[in-house]
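A single structure is presented below for examination.
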Amino acid sequence: MTAGYGASVAVRNASLRVGGGEAVALLGRNGAGKTTTLMAIAGAIRPTSGTVEIDGRQVTGQPSYRIARQGLSLVPQGRRIFTTLSVRENLTLASRGGDLAQVYSLFEILAIRSASPGSTLSGGEQQMLAIGRALMTRPRLLLLDEPSEGLAPQVVRNLAELVARLRREVGLSILVAEQNLGFAFAVADRVYLMERGEVVHEDAAGAFREDHALQKRYLGV
Amino acid sequence: MLALALASVPAWAPRFWIYIATQALIFAIFAMSLDLLLGYAGLPSFGHAAFYGVGAYACALLALRDVDGLAPLLLVGALAAALAAVPIGALSLRTTGIYFLMLTLAFAQMLWGLAVNWISLTRGTDGLIGIPRPTLPGLETLNITFYERGAFFILCLVVAIVTFISLQALARSPFGKTLEGIRENERRMRALGCPTFRYRFAAFVVAAAFAGVAGALAAMSNGYATPDLLYWTGSGLALVAVVVGGARSLIGPVLGAFFVLFAQLGLSTFVERWELILGALFIAFVLFLPGGLVGLVRRT
Amino acid sequence: MELSVAGLTVRFGALAALNRVDISVATGERRAVIGPNGAGKTTLLNVIAGELQPTEGTVHLGERDATSLPTWRRARLGLGRTFQRSTLFSQLTVVENLALAIRARKRGGWRFWPVGDRALNGEVKRRLEAIGLAHLAGRTTARLGHGERRILEVELALAASPSALLLDEPMAGLSAGERQTTLERLRSLPRDVTVVIVEHDLDAVFALAERITVLDHGVKIADGAAADVRANPRVQEVYLGPI
């Protein structure tokens, strides 16, 4: 797939696969094309060439709401919750048979502040709300763009546990773009590395975790 | 180039077209002053005609007291408008966006009401009539008056060019850049130590002064000053001119002013409901050509 | 410049975002403020910066009681800040963004004629190179990537040469290399600049901070030398997790 914004190409000829019930991490420096890839898959931007398939069915170029109805949910970078609606309204608005109780048990603060308008939540709380909202759509494939950003370390750990649980119980597939390697390794089976818009390396998560030379090369760690 | 082309107009155009071009130049000065607010400071003022009208009336009142020097007449127009802008700006600039728009509209209508009802000063809807053309000491020696064919046109052209150069310089100055910063992100400017209210207030008063000069020229051109100069439709038409022409550059309002004026003229000759068509044109520009005429030129 | 808040309480209806918080930061100190999400960290920064009025309590900048001063006056006293969400001049280029920040510091806004400012242009160039964005000088910030915006966000605050700097999660969303750059920019600050940094990135926190204040549910639960706070069992329970 190739995609970009206007005249600039952000993603060039990228190919990747997420199997059913698999968790895959998309790693790379800022500007490598991770966000563009997720946005193009979700239909928020239109790929200029290439294909996107869900369960073998072509969804390339479809509007994002149609792609979402096929069981895909995107948690974009920067939260983007509905600030004028309450926490509860944010969650139930997006619901497609979602389990509110489960979301509340994952993120306690959302239960406590369920009547408060989204704008009164702190940054990290808004991030939790964005993730909860995506979960309410009962996705089969969850796309997460830097979900750990702005979250306290304990919350990040809880989130990693939840993602693992969802995979086990529901068979949820995950594609997560992350800077936080700890979170990525805790969650993913496989990793793809992106550099300058291209997928340059694919590896098993465990193997990549041990390979410090590769990590330094692609991520500068 | 445009200036030179315009300067040649009195030489070849019939009197009527010289008159139209004069009106267009005065409107262009008014539109440029509004662009300082809308395009550079990001302040959508819907009451700018108030300052135009105040300038016209100030000039008229002075002229009817037998002051006929060009400089004092223009200056009093600018000063009166600037003075009117002080209380209006002090109150309106406490708000932004749609609230600012409504407040400026309200204040302008108040001033219009004043012009209609303060009959002892303004003669109400009859207006102040019989305003003579001004005199300029240098010209008398050359035996030219502003009643000559094309003379007043050239005067308006000169004022328009001076306005353009001044506002252009202002826009490129540190003051202008700071205004842009306030337009783009006021919160950040304040966090950087900028007293944003003061800057917006200064821009508001300066814009009013230039509008007042345009108003004074209008009074001298037409020979009268009437309340309709302050009516909100004047502010609206100026906004249309700025948006259609292109709000982010100063040549935009000039192009827009000419466009709107000639469109008005052309359409009203053929169609009774010309305002409808002008409105539709405006909507088309906003939807498809947000950069205005200037944007169109840049693209080609 | 030293910073302090005393008895600081901020209430939104029934919710106390901050409750009787006392914090005192000495001139030139590097202080981190950490805590779980919703602890009141950003609220604290907003009150110090003047964007929010406290329900009770005072804010002091240096010797002055700044509690009722507007934001821009506090900035003039030497206070700088970054925002959790990048707050840039979106339709302007990177160069113009930096120029605005430097010009604001020099109070050069009241000149009505275009002036070339060689010193200003030189400084813009130096800063661009220091943050590694020289190749993006002419790009409008709306078209920058997330990490680039965050870096510029921090640099705008630095360009104002503050004597006290408030940083709200400057590391959020940065890649490893970008974190390094930002850390170096912060380390390069003059020693007498007071720095208060709100962060979740514990590596950055322990790399920068001399003292740490911990907030939880609007209340200060720990305050002391970095190593002590790190070992504090309550802090571990509430935020750090098992170390």
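Note that the chains are named A, B and C in the order they appear, and that numbering of residues resets to 1 at the start of each chain.
The rule we apply is simple: a contact is a pair of C-beta atoms (placed from the backbone, for glycine too) under 8 Å apart; a residue touches a chain by one contact, two chains touch by 3 or more.
Keep in mind the model is a prediction, meaning the values are calculated, not measured.
The touch graph of these protein chains is an open line. The most central chain, judged by the distance from its Cα centroid to the centroid of all protein Cα atoms shown, is C. Distance between Cα centroids is largest for the pairing of chain A with B. Between the Cα centres of chain A and chain B there is a gap of 53 Å. Chain B and chain C, compared by their mean Cα positions, are separated by 43 Å. Annotation: 28 Å between the Cα-based centres of chain A and chain C. Within chain A, no positions touching two or more other chains are listed.
Residue positions of chain B touching 2 or more other chains: none. Residues of chain C in contact with two or more other chains: none. Put simply, chain C touches chain B in their complex at residues 49, 51, 70-72, 75-76, 80-81, 83, 87-92, 96, 99-101, 103-105, 107-115, 117, 156-157, 160.
On chain C, the positions that touch chain A within their shared complex are 12, 15, 35-39, 41-43, 84-85, 143, 145-148, 169, 172-178, 180, 200, 202, 239-241. On the chain A side of its complex with chain C, the touching residues are 5, 28-31, 35, 77-78, 109, 116, 120-125, 127-128, 146, 149-155, 157, 179, 219-221. Against chain C, the residues of chain B that register as touching in their complex are 169-170, 172-175, 177-178, 180-181, 184-185, 187-196, 199.
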